Amino acid sequence: MAINKIVSSFADAMAGIKDGSTVLIGGFGAVGQPNHLLDALTEQGAKDLTIVANNAGSGRETGIARLMDMGRVRRIVCSFPRSAGSVVFEELHSAGKLELELVAQGTLAERIRAGGAGIPAFYTATAYGTYIGEGKEVREFKGRKYILEEAIKADVALVEAWQADRWGNLRYRTSGRNFNQPMATAADLTIVQSQHLVELGDLGPDDIHTPGIYVDRVIHVPYGDPPAAAPLAD
Amino acid sequence: MTATATASTPTADNIKGWSRRDMAKRLAEDIPEGWYVNLGIGIPLMVSDFVPADREVVLQSENGILGMGPLQTKRTFDPWIVNAGKQNVTLKTGASIVGHADSFAMIRGGHLDLCVLGSFEVAANGDFANWTTSLKSVPAVGGAMDLAVGAKRIWLIMDHTSKDGKPKLLETCTMPLTAPGVVKRVYTNLAVIDITARGFELVSMTPEITFEALQARTGARIHRKD
Amino acid sequence: MTATATASTPTADNIKGWSRRDMAKRLAEDIPEGWYVNLGIGIPLMVSDFVPADREVVLQSENGILGMGPLQTKRTFDPWIVNAGKQNVTLKTGASIVGHADSFAMIRGGHLDLCVLGSFEVAANGDFANWTTSLKSVPAVGGAMDLAVGAKRIWLIMDHTSKDGKPKLLETCTMPLTAPGVVKRVYTNLAVIDITARGFELVSMTPEITFEALQARTGARIHRKD
Amino acid sequence: MAINKIVSSFADAMAGIKDGSTVLIGGFGAVGQPNHLLDALTEQGAKDLTIVANNAGSGRETGIARLMDMGRVRRIVCSFPRSAGSVVFEELHSAGKLELELVAQGTLAERIRAGGAGIPAFYTATAYGTYIGEGKEVREFKGRKYILEEAIKADVALVEAWQADRWGNLRYRTSGRNFNQPMATAADLTIVQSQHLVELGDLGPDDIHTPGIYVDRVIHVPYGDPPAAAPLAD
């Protein structure tokens, strides 16, 4: 026998995700988004979800937007809900069908990191004295004011990686690291779609971005490159 | 100090002042070699084009890049590298990548020498408001509030007045704050203004305008440097 | 429950029970494949020698190793790799290294399935004391308190009594605590005992001893499993 | 002109360290200890120091022990002060000439990480209900009790790395990463002794353990391997 976290079907990858789960979704822009896992979650059927992600999706046909459009999301925790194309978010939110918790991007990242690190709460200067900080506990340390923020610990994390081995050790490709790295640490069930599967030992001990202890399942999804963000100059 | 000496409609004299490129260039020339700098989306990002070629300044992007280079061209295309504005950018030699938690630890830990942001309003006490004009619709905040409190200094690059001539440099901000008391300097189309313990302090201004006319376009007293 | 039925000096019958190797072996056989395990310095580290060869268990070392292998030999010598006890150890294929903050984030974040520690005392409520016998001299704590609260379960491996026959499994610890209420199971030379809501519960014991004699060597009631 | 953090003398490396400074010292056991920087600090002369390190030195002739033996350390913050050979620590501490703040190892690492990350304080379960946690603020989150711990931010960090470039980007070698990585982020002045100097660009963007922003000065100290911890079997 041997540890083998690699699964061969999306059904196996998604098995056991319950209604009411909190789901972390990696990615920043189009880079590092676990789109195939999002599609698989849509297929799997869990509903009444809380989604934690930097953005609230765009368009209607894919990813977070599709999941929301199907009425499967009760609440979203994010820093940048509104952007070009976030039509589903805006429809549902303005109709009162989707709760929003707006979080500063760094606080979001740190709350997730804290969730993975066993820190239940921490103080931060970010958002003190602003609308987002209103109602939060304020405390002074060494003459500066901070607010208290609590950790985010999730049931499920959906992560995209560049390379993975059977222990679940991961490497990301440049900007694909983003939220994937902290999110991988902060869920009871971390599911990874990886562009490449490699042999155990191919990733050097000093070169692993996410140690396998954080990863539960890996599925091979060699989908290629994300789309270009915009037309480029010659 | 009153503004009674100036025209009742301050913009009627049609002073445009510096162009956005001029503003970005002035700001770029004030960045010393070796500074670590985060440039906000939009005009702030133009600053990178004007850093003198013989001066090494290291640009940070909130999504985890330290050592960001210019926008990609078709020749340098790599869709895996994006900046905070989700544009495809290049990496300079020496660049490093971290994840989001480590990137914001860098930002919030006071390691950036400078963050340059655009803004809707700034007040004489260093408050500024750049993330949303109103809370009526759902706003998006992104990394603005983290950068605002985390960088060693915040410089704003913004128009001195709104299109209809209303001051954007104020005694007190009217829009939802991004952070209280953090702005150190403002580069506008009309002037460069420091924010110190006594409020706005003039550093330089466009030759097109008089001090009195500048004051008339500003919602709080501008002090001259001693 | 009283201990009156046993000899007044419980160790006079000279029962030794299991050897340290036996204890380590019993514990090792209870670790399922795929668990992430931190083994404390000393006897706990012996556990790694007895994990069945066909069972993959991943060992963590608090100084940043995940996937620790056996001690180095002259043939595998690399002075850059040490474990928490500062012994030179090997890395298994698939091992990864992190820094101290990330290693203790792993430990404190509840990611280890098991931590095995030695102990001076353990109480029926799951409290244990393994870092210092007294606060009179300056103690050293290291990572014991972090492991104690961070791992999903704490199993202790320890002698059932002190050399002079005093119980080390107690109603209440007398020494400074490492952590309150965290121990799930104790492997001693005489028995394997779970700690549940009702206190000590016998899992198994050495055939050399009777339940009554075991109870007499224990400072709190031992329940039989239902 | 160009950024160049590489200095060529220990005097330049240590310039400006003031009496009364708090100094973080990397290393765990003999691995990753910045011994040459410690000697240079001894030479430089700063006194009344607060030292933050996992151990309190051993022997008398080198490192932290030598600095303490010369009467230059007022206070030490560490998790494992007492070990075989910590004679100088024990002499000074029992004579009342050296203050000790005993901190659990993980709390020490996290307090340093917090210092580098702008987190003034956080809650942790470690040491709750123990002697070390006595007198600290206790707070309950989701039914579990935690204590409040404050960040450690230092004046100086002394760090040992395997590779460094002129921007101060660092890589560590296996167990040499230890406290060096978080400590590099948590001081106003981070000074690195590096076994190897490499050209800018030799360290890949995805492979840098400490980005150069955290590093102020680098000195090349190709001292070779640390000693074996103990005699090895054949």
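For clarity, chains are labelled A, B, C and D in written order, and residue numbers in each chain start from 1.
We adopt the following convention: contacts are C-beta pairs under 8 Å (C-beta built on N, C-alpha and C of every residue); 3 or more make two chains touch, one makes a residue touch a chain.
From a predicted model like this one, the values you see are computed outputs, not experimental measurements.
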item	value
Chain whose Cα centroid lies at the greatest distance from that of chain A	C
Chain centre separation (chain C, chain D; CA means) in Å	30
Centre-to-centre distance between chain C and chain A (centres being mean Cα positions), rounded to whole Å	36
Multi-partner residues of chain A (at least 2 other chains)	110, 113, 117-119, 124-125, 172-174, 177, 205-206, 209
Chain C: positions in contact with at least two other chains	91, 97-98, 104-105, 107-108, 149-150
Graph class of chain-chain contacts, one of line, ring, star, complete, other	other
Contact pairs between chains, per stated definition	A-B, A-C, A-D, B-D, C-D
Chain D to chain C touching residues, read off their complex	28-31, 54, 79-83, 90, 93-94, 100, 102-107, 109-110, 112-113, 124-132, 172-182, 209, 225-230, 232-234
Of all residues in chain C, those that touch chain A in their complex	33-34, 36, 54-56, 58, 60, 66-67, 91, 93-98, 104-112, 149-150
Residues of chain A that touch chain C when the two form their complex	1-3, 113, 115-119, 165-167, 169, 185, 200-201, 203, 205-206, 208, 211-214
Contact footprint of chain D on chain A as seen in their complex	110, 114, 117-125, 139, 141-142, 144, 146, 150, 171-174, 177, 205-207, 209
Sites on chain B touched by chain A in the complex	62-65, 71-75, 77-82, 86-88, 91, 97-105, 107-108, 135, 137-146, 148-150, 176-180
